[in-house]
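For reference, the structure I am asking about is given below.
Chain IDs A, B and C follow the sequence of writing; residue 1 opens each chain.
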Amino acid sequence: MRDPRLRIFSTILLSAGAFISPAGAVAALLWWLLFTPRLKAVPHPRMLSGVVLMITATAIVSELTGGLGLLYLLRMVPILLIAAWAFSDRQESELLDVSVWMMGKRIGFDIGLMAEMGLQGLRLINQDIVQVRQAMEIKGMRPSVRNLVPMAANIVINQLRRTEETAKLLTVRGYSSGGEIEPHFVTERRDIMLASLALAVPLLSFFAIW
Amino acid sequence: MRAEMDLVARQEAFSLRCRASYGPGVHLVSGAIGGGKTTMALAMAGLLPFDGDMRFEGLASKAMSLQFPEYHVTAASVDDEVRSWGLDPGEVLPRAGLSGRGAVDPFKLSRGQLKRLNLACVFALDPDLLILDEPFSSLDCRAKAKVCKAIASREGKITMLFSHERASLPRVSTLSQISEARLECLGAVPDAIPRWAGAPPYLRRALELGAEPRNITMDDVEEALCATRG
Amino acid sequence: MIRIEGLKHHILDIPSLAAGEGRVAVIGPNGAGKTTLLELLSGMDRPREGKVEVMGRRPELATIGWVGEFPDRTMLFSRVYDEVASSLRFLKVPVEVADRLVRETMGMLGRPDLLLRGTREISGGEKALVATAAALAPSPDLLVLDEVDSHLDEEGSRLIRETVLAPDRRAVYCTQDMDHAAAADLVLYIEKGRVTIQGTPEEVFASLEGSCFYPSMWRLPR
């Protein structure tokens, strides 16, 4: 889905629908099967399979001890799959747009900016870790508990320096709070159709328990 | 002594094709920023996975200096930092121009000073294969001249110089360049010089003036220009 | 364009300095105080003693375009467009005006195509260009570049020289590339915190002839 607002909206509706009744869960699963790239949209298949395994185990234990384990499984699987799809379908840059659309040019902008900077920081820490490990390997130092302290110190100091640099950049670019921005969204006809169908899921679910 | 490779090195989504053979001497690899110089340097140092072959003949030791010197720091004092390379601070610090600064926290040094410290350490190790990734960045021209001297003094050993430096260069044995994710060996100097797309402005100007410098340094260029003017 | 009176700040000791409109190159050895001076001129830091003025105002009251040594490590946003527009948005410039300025700036740098890209996927040279565009977009009173060229290749630094440091700009830049410094209107040579030589490139480099601070291109017949 191109429009992040409709994607978030659909995710919430589908999850609610799956949670309310087994019929809703089946409908949500069907929605996932029909309209997403399915397993290709799972960002970390190994992680997801781990989570599914855990839920299945919980469900079996619950079922064996007289609980409604299988129903729990039926609900959780579509919720997880849809969350995985929503996560993989997102674009980093939407953060700022969605945040401003939801919370306005002041707080929304600040939160969006923080989120963007946070992501950037995480990526750079990742790069730092790789480089520090390479530097230690050059010296013939193996990653070990003893070497953990200098390694961590190095990464923290690099991150602090970068924070200082970023703060200076924000000051010099004239940042005080908020920003003038008009979030821009592309809504495709398919987005509206999928979101409408997603809306049908909790409705169906609701009538099904009646 | 020889380093030979025929491989594809990978770093995240980027992959670089390298086929080369380097003997004793100084080998300059140039190319655009983000073009793959660091990828090749890391692969040669054995720090990146690759597909293919890399063979070292008669090499007992190798060392590498990373582009950003701060990543090398593993100790809380300059003295201990030198010792972490298995070296004697009393010997290395004067060469880095940091005499008397042994007790200082390495992170209190400027980036230029940290670079000098790191380079002094890898030169003091005197490895058979020395890989230098952008050794001139963050240095002023006096420090660059010292690095050139240190490179020139490594006779009989292999020095890989990955750099886009435009003014302070040492004499080199061969030229290579990376473009479009491929290493291209241009061959030995001076024959390779006219084929070098990444030649610094002064060298290109000298070639335009009809000079045939024997090597790539400013001195060689001036000498060649004197010769052309009779 | 720049006025400094009785400045004492960290290593810097500049009793008096005035620079007219144009491009000022700051050169000198490592640790001489070049970056400290640039940070004062961009309003990131206030002088402990003395006065620093940009276009007759305290630097923090002027609009400054700043590009640091590692533009690729200081991107704020994940979209090139957001990065270039950041200053205009922070300064609450109306959206339509900001959009026009963003497009004009990238057009002037010859790379309007970059606006549709992400800041992660572009090359190192392109990142430097984007950081420079972000600095230029609000038409700053003064452009401050801190060794931007040290991590740029020939192509990138030529682009900076020809577009960003074009003759009509007001800019201060420090560099270790003397050929680059030779293109300035005024050159300041700083050593141990003091401006020891200043003047036109011809004047300054005449007194640096024979040292490694002499532009390599000047050693060739011109």
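As a working rule, a residue touches a chain if its C-beta (ideal position, glycine included) is under 8 Å from a C-beta of that chain, and two chains touch if they have at least 3 such contacts.
Only a predicted model underlies this, so the values are computations on that prediction, with no experimental measurement involved.
Trainee: Between B-C and A-B, flag the pair that has more C-beta pairs in contact.
Mentor: B-C
Trainee: Hey, which chain ends up farthest from chain C, C-alpha centres compared?
Mentor: Between chain C and every other chain, the largest centroid distance is to A.
Trainee: Express in whole angstrom the distance between the two chain centres, defined as the mean CA positions of chain A and chain C.
Mentor: Roughly 39 Å, centre to centre.
Trainee: Distance from the CA centroid of chain B to that of chain C, rounded to the nearest Å?
Mentor: About 28 Å, centre to centre.
Trainee: What whole-number Å value describes the gap between the mean CA coordinates of chain A and chain B?
Mentor: 43
Trainee: So in the complex, the part of chain B that touches chain C is made up of which residues?
Mentor: Of all residues in chain B, those touching chain C are 31-35, 110, 112-113, 137-145, 164, 166-168, 198, 200-202, 205-206, 209, 218, 221-222, 225.
Trainee: Can you list the residues on chain B that touch chain A in the complex?
Mentor: So the residues of chain B in touch with chain A come to 42, 45-47, 63-64, 66, 68, 70-76, 84-85, 107.
Trainee: If you look only at chain C, which of its residues touch chain A in the complex?
Mentor: Of all residues in chain C, those touching chain A are 39, 42-44, 63-64, 66, 68, 70, 73-79, 82, 85-95, 98, 118, 120, 134, 138.
Trainee: Which of the residues in chain A come into contact with chain C in the complex?
Mentor: Listed in rising order, the residues of chain A that touch chain C are 92-93, 96, 109, 113, 116-117, 119-120, 123-124, 162, 165-166, 168-176, 178-182.
Trainee: Give the list of chain C residues in touch with chain B in this complex.
Mentor: The touching residues are 28-31, 69, 123-125, 147, 150-157, 176-179, 212-213, 216-217, 219-221.
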